[in-house]
Amino acid sequence: MQIKFEKTADIINQDKLAEGIYSMWLSVGEMASYAKAGQFLSVYSRDGSRILPRPISICEIDREKNAIRLVYRVVGKGTAEFSAMEAGMQLKVLGPLGNGFTKRDKKAFLIGGGIGIPPMLQLARELDCEKQMVLGFRDELFLMEEFEKQGAVYVATEDGSAGTKGNVLDAIREHGLTADVMYACGPAPMLKALKAYAAEHGIECWISMEERMACGVGACLACVCRSSEKDDHSNVNYKRICKEGPVFLAEEVRFE
Amino acid sequence: MNMKVDLCGVTLKNPVMTASGTFGSGEEYSQFVDLNKLGAVVTKGVANVPWEGNPTPRVAEVYGGMLNAIGLQNPGIDLFLKRDIPFLKQFDTKIIVNVCGHTTEEYVEVVERLAHEPVDMLEINISCPNVREGGIAFGQDPKMVEEITREIKKYAAQPVIMKLSPNVTDIAEMAKAAEAGGADALSLINTLTGMKIDIDRRRFVLANKTGGMSGPAVHPVAVRMVYQAAQAVQIPIIGMGGIMNAEDAIEMILAGATAISVGTANFTNPKATEEIVDGIAAYMEKYQVNDIRELVGAVH
Amino acid sequence: MNMKVDLCGVTLKNPVMTASGTFGSGEEYSQFVDLNKLGAVVTKGVANVPWEGNPTPRVAEVYGGMLNAIGLQNPGIDLFLKRDIPFLKQFDTKIIVNVCGHTTEEYVEVVERLAHEPVDMLEINISCPNVREGGIAFGQDPKMVEEITREIKKYAAQPVIMKLSPNVTDIAEMAKAAEAGGADALSLINTLTGMKIDIDRRRFVLANKTGGMSGPAVHPVAVRMVYQAAQAVQIPIIGMGGIMNAEDAIEMILAGATAISVGTANFTNPKATEEIVDGIAAYMEKYQVNDIRELVGAVH
Amino acid sequence: MQIKFEKTADIINQDKLAEGIYSMWLSVGEMASYAKAGQFLSVYSRDGSRILPRPISICEIDREKNAIRLVYRVVGKGTAEFSAMEAGMQLKVLGPLGNGFTKRDKKAFLIGGGIGIPPMLQLARELDCEKQMVLGFRDELFLMEEFEKQGAVYVATEDGSAGTKGNVLDAIREHGLTADVMYACGPAPMLKALKAYAAEHGIECWISMEERMACGVGACLACVCRSSEKDDHSNVNYKRICKEGPVFLAEEVRFE
C-alpha cells in the first residue's frame, strides 16, 4: 500500500501570487521523497470549528529540502485561515494522497484551468519530453515565470486580457497545437470538453478530478466520480477520487 | 488495570470501536492505526447486492461537524465476504458487520449470508437518514423497530446490535422497542438530519438536499440519548456521536455506554481510535480505576 | 432596496429579531446595539407569576455551542408590564412577548393580560426542555400543540407565534398541528436537548442534568427543520438556531424563513444583531436583490 | 447605565506566576479609566469551537498606560488557549463588567482564596486605610511581592508549606487579627465561612461571588446566586452575579 505520512509541517514561506491565489512552501520531511506530480495533501485547519482537512494539490516538490509547495485559491474560511499564516507557523498535513500522473514519453499537452494550473508545474518538471503548457486563467496570471522555464506556454484568459480570449481549447486551436498525450486539471466542464477533443484527435488523455472530500484516504466514499466500467473496489460505477484518482484516463470517467 | 468489556457475550479487549461508514473495512486506516489495538472494527454497511449510493456532492462541512449523504454505497455481500472479512481476519480484533437494506427481506438475506462467517456481531442500520425506503423508515417507528428486530433475530447466528436514529421524539421508547424485539445490544446515535445551503449559488450543498450530521457538534445530544437509553433498557449500549478524544469517550461511558464508536474523528485525525484507547488507559491510571466497567453508567 | 417583511400583518423594518431568553428585554444590550435598527425584540419568556427557575449551574459550554437550563426564571407579568414594556416602547421596533406557562390556563392568563398592552405579537413557548410540566410536554405531541394553540387563539388580541421544539420525530407534523390550531406564525427551532458530564468530578455539569443546546453547532438541524416546516405550512416561519452572522441568517431565509432570530450569537458578539442587519443589506447589495422577500424560501 | 466597552486588546506581556497561574497585561484603551477593583472582563476565545467568553477578574489597573492586568488559573481549554498567547497577540475583551467593591474607610481584611486572590490586589491599591491581607493558597504562592507593597500580608496554605497550615480563618485566628470591614473573594465554602465569622464578630462583610456565566451582561440569567431578600430586578430570590454582583454584602446572599 502506498505510504502516507501525517506531519506537522513548518511553513517555510507564503506569498500571494494573484488576487485570492496563494503559494506556500512547507517543510514536510520524508513525505517529499515519496510525493509525485498529481498527488495532493490534506491540510488541516487549526480552528476547532473546521474539522475536515482541505485537499490541496501539490504544485512543486523539492526533494533536497524535503519541501512541498502548495498553490491554492482562497474559497472559504479554511483556505482563508491558511492564507493568513506566516513563515514559522505550523500546519498539520497528511500525504502524499492519491495516485498522481502516469508519465508517458510522448509529445504532451499539459493543460491547467484556474486552480487546476498548479499541479501542472511539478508534472512539467518531471516530464522529459516535448511539452506544451496550455494554461487557462480567469484574468490575472500566476506561476508564469516557473512555467516558462519548462517549455512553450500558451495562455488563454476568459476576459482576453492575456493570450487567447476564451478557454484552453480556443488557445490550442488558435495556435494549431498537436500532441500525442494530454494531462489536464481544472473544472469539470473543461475536462469534459478535453475528453471529447482528445477522443476526436486520438490523443491519450489523463484528467485530474475534483470533488468534496472527507477522509481523503478512501474510507468514506464521499469523493467519488462516475466510472464507465464497474470499479473493482466499489463494485459499482463509481471510483474514489482520493484513492483510485485524482488522475484517471479520460475514458474511465463518465461525465453526467 | 482491566479495559476488557463484555458485549452480550463477546469480549472486547477495550471499549473502542470504529463507527460504521467512517472506517471502510479498516484497510485504509491500517497504516495509521494498529487494528490489533482496537476493541472492534465495525464495517461500512453492506447490503445483499451492490448499492450505488447518492450522487455527489455527498459531504459538506458544517460548524464543528459535517453532513454526509453517501447513501450507503457498498459493494454487496458477495465481494464483501471475499475481500473484507479475510482482510479483517488478519488482525486480533473483533469484527462487527454493519448490515443495511431496503426491506426486512434484504436485511435478513445479508444476516443469513453472514451466519457461517467469522463475524463476531451484527450491527443493523435501521437509521440511515439518506436512503428513502428502509433505513430511517424503520428507525423512527417503535412498532417497526420491534418487528424488524424480531425478524432479524430469527435468522441471526451472531449477537444483534440495533443502531438507532436520534431523529426521534423519545429515544427511550425506541430503545425499549428494540429490546422487546430481542436486540442483544443497541448502538446510538446515528446522524442527526441536517441541511446546508450555499447562499452564493443559492442551492443545496448536498445533491441529496439533507444529510446526516456528525462530529463534535452532536456530542451533547448523543450523550443525552445514551444516558436516556441506558436508563430505559437492560441490554448494553454502544455510544457514539462526536467522540473526538478520550475525554469524549469517557463521558459517553459514564453516561451508560459499555463500548464506544469513533467515526468522524478519523477524518480529523487518522490516529484518533488508537489515541483514544491510550487516553482512556491514562485516565484510568490517573484516577486509579482498576476496571473500566466501574465507569459504565457511573454518573446517573 | 426593501428589507421590510410582513409577519401575519405586522410589518418589520427588517427580518432580524432577537431570540427569547438571550436578550432579556433589550436593556442589557441596548448600549451595544441600536434597538431601533432591529426588526423586533422578542422578550425573555414571562409567566402569570414570578418563576425562580432552576438551581445553578444553569449553563455549560459545549463544542460550538452551549447548554442552558435556566428554567424560565422570570419576574412575572405584573412587573414585566410595569418595567419591560415601557422600556421597549422607547424604541422604534416591534415588541414580541414570549409567553410561558405550566398549564393552558397559565398561558391564557398571560395572553389575556397582554391583550390591551402595546405589544405587537405573542410568541408562545411550548417547547422549553427545561421545565417539567408545560413547556416540552405540550410541544412534542401534535394533538396538544393543536389544542393549546386553539385555546390561546381564543383569548389572544395579537397574532400568535407558536415556538416549536426540534426534539421531535417529524417537525412538519408539529408545524401542521399548530397551523390547524390557528397559529398565525411559527418560530423554530427551540433548543436541542443535550447533556454534559464532568469526567473529572464524575457528575453532570448542569444542576438540571440536561439542558437545551444552542449555538452554531445546531444550525444545520435548524435549517433542515425550517425547510421542512416551510414545505408543510402556509403561515410564515421565524427561523432560529445557531445564527451567528449574516450568512447564517440568509441561509435560514433561503430555506423558508420570513424572519430570523439571533440568540446565542449575542453572547459571542454583543453587536451580533445589528451586524447581521447590515450584513444582509450588504448581501442584497452584492447580488442586486431589490426585495428581501425574493429570498424567502428561494431554495427548494 | 454603567458604560462597557468591547475591545480587541493587545497583549502587552504574559508571565507564568505559578503552576497553572498566569498573568497577562492587556492594552484596553479607555476601558481602563472606567474599571475598578472587583470588576471583571469577559475574554473571548479565538477558537471557533468555544463560543462563550471567560469571565476573569481584574487584578490591577494602570490608568496611565490604559492597561488592565488579568491573573487567571488554567482550568480548561479556553484559559489554556489564553495562557499560550504572547505579547503582541490580540484578545477580544468586554468590560468593565459587574459592580466592583464598595470601598469603606475602615480597618480592613482583604481576603483571597486561590484564584480569588488577584482581585484583592487592585482593591488594596485603591483602599487608603489600615489593610490586612489574608491570602489562602493551595501550595505555591504568587503575587506576594505586589501584596507586600500594600501592607501586612498573612498567608495560609493547605499543605502548610508557607504561613499558617489551613485556611484563611485559621490564619486570622492564629495571628489574632481583627477588622471592621472584610472584603473577600474565593471558593463558596470559604465565603460561607467568612460570612458566619463576620456576623459573629460584627464585621461588615463584602464577598465576591462566582458562577458559570454566558452573556456576562445580565441578559441570560445563567450566573445567579440565591438572595436572602427578593431581588428588585428578578422579582425572586435570585441575584445576577454578573450585574448586581459579583460583589455583595454577605447578608444579601443565601448559601445553600
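Per-chain numbering from 1; labels A, B, C and D assigned in written order.
Please note the rule applied: a contact is a pair of C-beta atoms (placed from the backbone, for glycine too) under 8 Å apart; a residue touches a chain by one contact, two chains touch by 3 or more.
Keep in mind it's a predicted model, so treat the numbers as computed, not measured.
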Touching chain B and also chain C, the following chains: A, D
Chain pair with more C-beta contacts, B-D versus A-B: A-B
Approximate Å spacing (C-alpha centroids) for the pair chain C, chain D: 35
Just how far, in Å, is the C-alpha centre of chain C from the one of chain A? 46
So chain D residues touching two or more other chains come to 48-50
Where in chain C do residues touch two or more of the other chains? 63-65, 216
How would one label the connectivity among the chains shown: line, ring, star, complete, or other? complete
Touching residues on chain A, where the partner in the complex is chain C: 48-49
Counting only contacts in the complex, chain C reaches chain A at residues 63-64, 216
Once bound in the complex, which stretches of chain B touch chain A? 21-24, 27-32, 44, 50-53, 55-61, 63-66, 68, 70, 73, 75-76, 79, 215-216, 264, 266-268, 270-271
Sort out for me which residues of chain D touch chain C in the complex. 1, 3-4, 6, 44, 48-53, 78, 94, 211-225, 233-238, 243
Going by the contact rule at the top, pick out the chain C residues touching chain B in the complex. 62-65, 67, 140, 167-170, 192-197, 199, 202-204, 210, 213, 216-221, 223-224, 227, 242, 244, 247, 250-251, 254-255, 283, 298-299
